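In what follows, chain A forms one complex with chain B and a second complex with chain C.
And now, the complex of A and B:
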């Protein structure tokens, strides 16, 4: 997974990793955890709201940035019963996804982190990986194996 | 000049009602769902997202449904919706080198690290109508899956650039932020960043025609499709309140890098030049024409004589937006009754004058004939 800071603190890197898992999760894979995620009391510091993020590209893929366009994003901030503040920014307009991801981010910063990682994050990671492997495999069948035909004049030479 | 005209309210109301009825079609048939459009018309959806300048496949599909398939109208709807949303933040520049590739081809090298992969393409189809689709009896077999190789797919242009055969892209200064044409009005001459932002949302038909004109010799620059790739890229957002970058998910993009004919001088050895296209969704043709027009618009940078339409920045950038163009076209349908009356009066006056002078001249000619010996 790509990480964009050179000297990023390990706890932030770990947090980025689970945020990655939560943002890339299929909502259908996240829904079974809804009851557990909402089990304790929590406060919506910023209820789920939909807006946009300006998407940037690079000129010639590697050069200076330019603005490509915008994408819809839904964000949410919650505080759980351990006073952990969880954030989410999720591509698209799914408010449930944003709220569950923010709750998960809060719980993953708390005392039961290990349990949440084992119970939820690892499963979501596995689902994402198998989904991606399946998509890649379907495309890999279209890979081109070039072969070069021997031309007649080469034989004569 | 437009004059406020009253009296059409009922007609307008009923016209909208009629349109809604017509759009729905025969109610004995099931209605099209937005999900169906999103999944089965995904290339149309990509065009709406791309030119609507908002990545959201569901909204683009909804816009297409509401617009009864009129792409330009759907793009307008998406742009209008976009204007109602707050902008939270910007993303880090997309890392297209780490794309999860669906399609990747090169017309410059046969053997490329990571290989060539056709993906889902209309290329090599025979363009024969498939009457099975008409009979609604399609049941396509699942794709033939093979384990995907894990080899990295570096950008081909980066390989050329390493050898110095093509120019390196200019890196940004630390404090440099890309200008945003949706926030600051465009002034000419524009920067390449502004041009790319406008081209990315520009009308595909207009840009295709311009790109084609460069191929036919109007601003010729001998392009090769160095690499075309389509797939998913991760989006990382600069969430200021957190102080670190936040992953938000993935989007689909199409990217094209064109290799064009060379420049060089006594000091710098000859090297290829490049044009770049990057667009939302699966929109390879759009990415290709964007790259061609990007290169054509770099004429000034390379000291080329910008004599062809595709090389003229102001002409291209001011006219490539379908929402602006269709909007100005559309205003012709507004009542111009007073304007037209004044023009009509003018034409009548001119005709009267011409008739008078014509009569006078005819009289003179007759008089001349009569006085002739």
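And now, the complex of A and C:
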């Protein structure tokens, strides 16, 4: 069975991956790269702006879509000196984060892509994963397992 | 990896909310004082389209306003930027257009632009006519709402344009027009009566 993800070109998948990492990065981890990201001249095609986006979902990922609610989103588009256009969509209202993420996306499409991946994306990804692991460990300490004799999902089997 | 579409994008308004409000204010002022030239402070330029016309589109066009672009001004970069900044649908049919952009040469022919209908005269097409300058044409006298007595205007436009406009002007139906040149803007609503001044009347008397 082929899923949606199997049909995506590898370069698009790579870009989705780094945009995800940049959007999820902690601003404190991103700030050390600010001077490098802003080193060359760049143009704000769409200055950082904050708005609302409607989040929709499907029950169990299959049912009819319903409106889950609205979330605050900040977006930004920049064009760097290599004429690469970088986009970012960030949860929350941090305009600095949105601008840095868009700049990073622009640089990552340019000639020095590999250097940026090694220097920045991999580090940000490692930080994100360690933060996740810490949170998971903290939660695991208070975890309660419920044992029941009969569970709904067994009926389907 | 940068796409062809991406490479054509240019910056829109520096401060989108305030700049769009200023443009909207200038557009209202231009329409309420026909024949008066207004200067816009912030005007981006997309491809072939000069400042004030771009600023008007950025300020007025949105997802509910089909835009028609004339063949002489059409450019892929203009379309890309309008799609990106305004998210407006583009139409190939003059009749469907809420906003139409054309130059002075093309304004000789206003066929099929929507002059509205008796029940909804507000659904008419608003024309944005991009000119090299707002003067240097044949002198005319404009009268009507928003003008205290008369206003002398000399737009560089062919006589055919004024005939075409008159043909489509049966109040309350008609076309509202913005003239733009670089960063300047002038309004000509359907209510303005225009009259060509005979050159002989104003030329100094021959000896």
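What we mean here is this: the second predicted complex is superposed on the first by the 134 of 157 C-alpha atoms of A that agree within 3 Å, B and C clash if a C-alpha of one lies under 4 Å from a C-alpha of the other, contacts with A are read in each partner's own complex, and residues count from 1 in each chain.
Everything that follows uses one rule, which is that contacts are C-beta pairs under 8 Å (C-beta built on N, C-alpha and C of every residue); 3 or more make two chains touch, one makes a residue touch a chain.
Everything numeric in this text was worked out from a predicted model, so none of it was measured.
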| item | value |
| --- | --- |
| Chain B versus chain C as contact partner of A:10, first or second or both or neither | neither |
| First (chain B), second (chain C), both or neither touched by A:109 | second |
| Which superposed partner A:84 touches (first chain B, second chain C, both, neither) | second |
| Partner chain in contact with A:44 - chain B first, chain C second, else both or neither | second |
| Residues of chain A that lie at the interface with chain B and also at the interface with chain C | 15 |
| Interfacial residue positions of chain A with respect to chain C in the complex | 11, 15, 43-47, 49, 77, 79, 82-85, 109 |
| Of all residues in chain A, those that touch chain B in their complex | 2, 4-5, 8, 12, 15-16, 19-20, 23-24, 50-73, 75, 87, 89-93, 132-144, 146 |
| Chain A-touching residues of chain C, taken from the complex the two chains share | 1-3, 6-7, 9-12, 14-16, 84-85 |
| Complex interface listing, chain B residues touching chain A | 50, 53-56, 58-59, 82, 85-98, 100-103, 110-111, 115-120, 142-149, 155, 157-158, 161, 168-172, 176-182, 192-194, 196-197, 200-201, 234-237, 239, 241-242, 244-251, 253, 255, 257, 274, 276, 278-280 |
